[in-house]
Every structure is written in C-alpha cells, then in structure tokens.
Amino acid sequence: MATQVIVLNGGSSSGKSGIARCLQAILPDPWLALGVDTLIEMMPASLQASASGIELAPDGEVIVGPEFRALEAAWTAGVSAMARAGARVIVDEVFLGGAASQQRWTDALSGLGVLWVGVRCEDSVAAGREIARGNRVLGMAVSQAQAVHRGVAYDLQVDTTHAEALDCARQIATRVE
Amino acid sequence: MATQVIVLNGGSSSGKSGIARCLQAILPDPWLALGVDTLIEMMPASLQASASGIELAPDGEVIVGPEFRALEAAWTAGVSAMARAGARVIVDEVFLGGAASQQRWTDALSGLGVLWVGVRCEDSVAAGREIARGNRVLGMAVSQAQAVHRGVAYDLQVDTTHAEALDCARQIATRVE
Amino acid sequence: MATQVIVLNGGSSSGKSGIARCLQAILPDPWLALGVDTLIEMMPASLQASASGIELAPDGEVIVGPEFRALEAAWTAGVSAMARAGARVIVDEVFLGGAASQQRWTDALSGLGVLWVGVRCEDSVAAGREIARGNRVLGMAVSQAQAVHRGVAYDLQVDTTHAEALDCARQIATRVE
Amino acid sequence: MATQVIVLNGGSSSGKSGIARCLQAILPDPWLALGVDTLIEMMPASLQASASGIELAPDGEVIVGPEFRALEAAWTAGVSAMARAGARVIVDEVFLGGAASQQRWTDALSGLGVLWVGVRCEDSVAAGREIARGNRVLGMAVSQAQAVHRGVAYDLQVDTTHAEALDCARQIATRVE
C-alpha cells in the first residue's frame, strides 16, 4: 500500500521539523508538512496560554486543556481528510499521551497507508539544542524526551543524537512506498 | 443554521488576518483561523517559488501552478472536514480566480453553515499598508484588490479603508448564528 | 542642520514600525530602522522574561530591571555612533520613563541633527490594534498610550487614529532636512 | 585583558547563531548577540533585494552593493561603540571578503579585548542543514563554507560537523577572560 501519511513523533527539540523539511526536499512527490505547531498557531491567542487551552509550566511541562483537546480532534480529522483527498502529508507530532495519542491518530487515519516514525534524541543533547534555539522556557525537551514514546509502536525509529536531519530523512525515505 | 465557517475573502493587505484575530477574540466560542498562508507554509520550499507551485511576478502578481492547485484541493477538503468534525473555522482567503475560487469552496463546504464575507479596501490604502508591512515585492495589494471580488457573492462586506479591524469584526460577529 | 536621526516615540500598537518602514520607502536616501525590539532580540533569552531584564505584568505593564537598563545604555551609545559614522537612523522607541527617557537619548545624540516625533493613537484604537495583532498579553497598548508622552518635547506629532502609516510618514518626511 | 567582544565567523548554516545563544546562556554575565542578520533586518526592504544593497544569486552566492557597504561600515562603528560603552557583545558574522572583512572589524574594535572564533562545518553537512532549515534558495552554505575563512586569523576554531552548539560554546567559554 502506498504511503500517504508519515507520522513523525518525538519530543520538543528532537529534530522533527528539520527531518520533515528534508523529506519534502528529497521525496520525488510534493508532500505537505504540518503538525501541532500549525494547530497552535490557528488557535485564538487566549487559548495559547490558558488552562482551557495550552499551558507551559515553569519546568517546561506542557499542560493541555479541554478546549484544546476538542479542536485537536477536529484538526486530526481534517488532516486525515487531506490525505484521503490525495495530499501526501508529513505529520510532525508530540504524543504527550504516548500510546493514547497514537490511538487517536490510528483511528483518524484508518484505511490510509501510514508510516509511523519515532524520532529519538538523548536527553542531554535535546536539552542543549533547546538552549541553542533560544527558547525562553527550558525543560520541555527533557520533560518530553522519553514520555512521548511510551507504548508507541513504530515502523522505524531514527535517532538524531549523532545523525543529521538529512541522513534521518534518507533512512525514512527508503521506507516510503 | 448555526454558522460553522466564516470565509473572509480579500486582496493582500486588505486586513483579513487582523479581522480574523479580532473575531477569535470577541466570539464567545473558540474558532480556528487559517488560510492560504497556512497552506503555503506547509508546502515544500521548492514549490514556494516555482512555476509548478507558486510564483511572484516582479509586479506582484501571484501565479499558481498545477501542483499548488492539487494540494490546495486536498487542503480545502481537509478544512471542510475540520468543520464537519465540530471545529468552528475562519478561512482567510484570496480568491485569485474570483467566482471560480468561490465555487470550489462552496462545493467543499456543502451542507455546512457558511458566512461569506468580502473584505474591501481602497487600492491606494492597501498599497500603502503593503509598504508599511515591509513587503519586498510591492504591487500584490493593487493587483488583487478588485480582481478577487469579481463575481463573488457575499452575505456581507466590510471595508477596512476607514474602519478598524475590530470594528469590522464586530459587524461580522452580529451575523454569526 | 541635516537630519541624521528620526526618533519615533509612542506606545505599543501606536503604529511606529509601519511608519518607520514607510519612511524607509519614501525618503530618497537609505535609512536604518531599529528600536527597542531590536535590543530585546539581542538579549539573552533569560533576560527577556525576568526581574533583572524585562517583565510583562498580567495587565500588560512592562517592568524593566537593572541589567536591561545597563545594556540599553550601551545600545543607545551604539546607535548614536552609527549616526555619527554616517548612517541615517530611524529609532522606534517606547519612552517608558517619559521625559527621563528622552533625556537619555538627548544626551547620547548630542551634536547630531535629530527630529523628535510623537506617535499618538487613541487608547481604544490602539487597544483594538493590539487584538488584531494577536498579542497574547493585552493591555500594553493602553498602559503605554499616554504615559510615554509625559513631559516629552517634539518637533512634530502624528496621530494614527484616523491616518494611515504612509500618510504619517509623508508628514514626517516634509520635516527631514 | 577582559574579553569584551566575541566574533564568531563562519558560513551560512555553520551553526553560529546556535552557538551565540548557548554562549548567552552559559556565560555568567549578560551578553548581547547580534550580527549581519540584525543589520539586514534594519535596512530598507528595497535594499534587501537589489544590486545596490544585497542580492542572492540563483546558486546561493551573496552579492553586496555599495549602499550596503556604507551602512555596514556605520553599523560596525556602532557595535564597537556598544562594547566601549560597557556591553559585552557576541558578533555573528560572515566574512564574505575573508581577511579584508576581518581587517574592517579589527580597525573598528581596536583597543577592545576581542576573541576571534572560526566556526567550521564540512560542506556536505552545512548543505544538509540548509535544507533542514527550509531555505528556499540553496547553495549559500557551500558557497561560503571555505571562502569566509580565507586568510582569517583566529584565537580558536570550533567545528560543528560532529559537535553540538552547546559543546562548541563551552569550548569558547573557557577562553573568555
């Protein structure tokens, strides 16, 4: 079955966005790249920093509220519909709920050809890249590094600790059908 | 029928994005705001400046290629699915094809409660705002100002020439059911 | 005396940046545009949200600490040196300290041809534009609208409440020698 | 002599900005980080894409015109004045002219404690990172990778090919007096 959706799951600062852009550059067909950051940008400013939307604890933990969850469910359905309508889609995601998050995407994408990719990065390296990006609140990288992979099943995993985004993208591209 | 989608159509620098953010702030429920800029950002960098994707002529005219059109059709279907899944959606659009562009959205959104809004702005004022925004290529505002409204039917129109975004949003909000 | 520096002072969302870009577009010589936002971007991420750097109160008030003040003084000296070295400079500023802030710039720019411009905007309009810009924390516009002009002396003032940035820039340009 | 200025010189996508942000995070005092990108952002939009300002050839080569050079000279003087006024400054630079570019900075910074740092990265890795960043025009990384170091003298060099930005910053920090 042809791959219609590539899901990249990994913690903040693990290197998913760079891999997504490299995939867009090396895959022969045009692919859309989108993710949770796209969704957050679409939300009302008031939800971007509130208990009912999304909150950032001082230690970098991300807390997601009920209104965020409701919009996220509709967003997931919409992304799935884009793929069903013929777009090839790379989803750049952070499974804050681990296996439960994957289940939500599995349900939404049923019937589509999906390649599940885990993007790993050692805690200390991800934490360093978070500093290099200039984030004001630190800790998100470490807080998410392991948790987002809990119970998640992958077709393949890449590790950006010692590998460049482009090399990880090349590994993934060999698995795109 | 409850309004599920608000479509704002207007030329570049007519003030649609500001109106969309004001609508998000004043409407009682949370609304997602998205548009053609969201789509362009999702595309491969190579399509963002090419004949098969999207090109910007030196006079500011936007030329759209076949690969852009294909991804746009899937995007339209996806946005429609978000609304069907329960999200309230504000679409910030530039109907480069006038009535034909509206027809594509009408088809995709069939069965949904849609409020069609034209966002007008006098040519000279839009051209001035384009300069104030610091765009490197000028001319897009004037090139699109009238053309995007050709043959398009609206529920209401607002004019940002002498009105603030927040006031236009208030006018629109009274029509949201 | 030829104008070497144009200082635009006004509250947040009063429209200074748009006027600065329009001035750059219409003045015959090339002018650099810079301001307090440039300075903040140069600072360590840790100072961008801390008591010793710069803090944003929940009501939008900006509180500036001692380390911010020290870097700001060096920055002011640097901007002055750019003008002395031949660059024409537009400074986009928020005089949080009113007359005292102006005095600091007057001292730094002594001997240079300076055009002092007040950028006014009615509170309610500035507050609306703050919403239209999508700021997460609201209140800065109103908090600063009047305070930044207290005791400040100008060569001319413009009001963006009912005038476009380009028109304000044209008014200012007639005073540039 | 105490270090007052750290000059990071390297090609596009060699990792200078990430190193600068890490230095800001680990050095005990607050340092300003600025560079050629700061300067370009200050320039009129018309100079950002023109023969008298700065041009980007289709192969990624950067061509700099006379008006850019004039503003750059004033900018260099201004940065130097910031350091003389007490600010600690990290300069993130691309010596397009190699040794001649360094000479300009040496003249401007005379009498100050300067740490000259070369930031190296293998061509192929820098080219891959350019893709991962999503640049629309590719080639700048390779075009600059070697040329910017020609004839330049350093206090130390770091290589980001296999080292993280934070580790490079730590190496540099040991040399800051």
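Going in written order, the chains are labelled A, B, C and D, and every chain counts its residues from 1.
By definition in this document, contacts are C-beta pairs under 8 Å (C-beta built on N, C-alpha and C of every residue); 3 or more make two chains touch, one makes a residue touch a chain.
This is a predicted model, so every value here is computed, not measured.
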{"item": "Mutual neighbours - chains that touch subunit B and subunit C alike", "value": "A, D"}
{"item": "Interface copy of B-C among C-D, B-D or A-D, judged by whether over half of the contact pairs recur", "value": "A-D"}
{"item": "Where subunit A and subunit B are represented by their mean Cα positions, the distance between them in whole Å", "value": "27"}
{"item": "Rounded Å distance between subunit A and subunit C, as computed from the means of their C-alpha atoms", "value": "39"}
{"item": "Where subunit A touches two or more other chains, by residue", "value": "21, 25, 45-46, 134"}
{"item": "Residue numbers on subunit C that touch subunit D, as the complex places them", "value": "21, 24-25, 30-34, 38, 41-47, 53, 67, 70-71, 73-75, 77-87"}
{"item": "Subunit B-facing residues of subunit D, complex", "value": "45-46, 48-49, 134-136"}
{"item": "Contact footprint of subunit B on subunit C as seen in their complex", "value": "18-19, 21-22, 25, 125, 128-129, 131-134, 162, 164-167"}
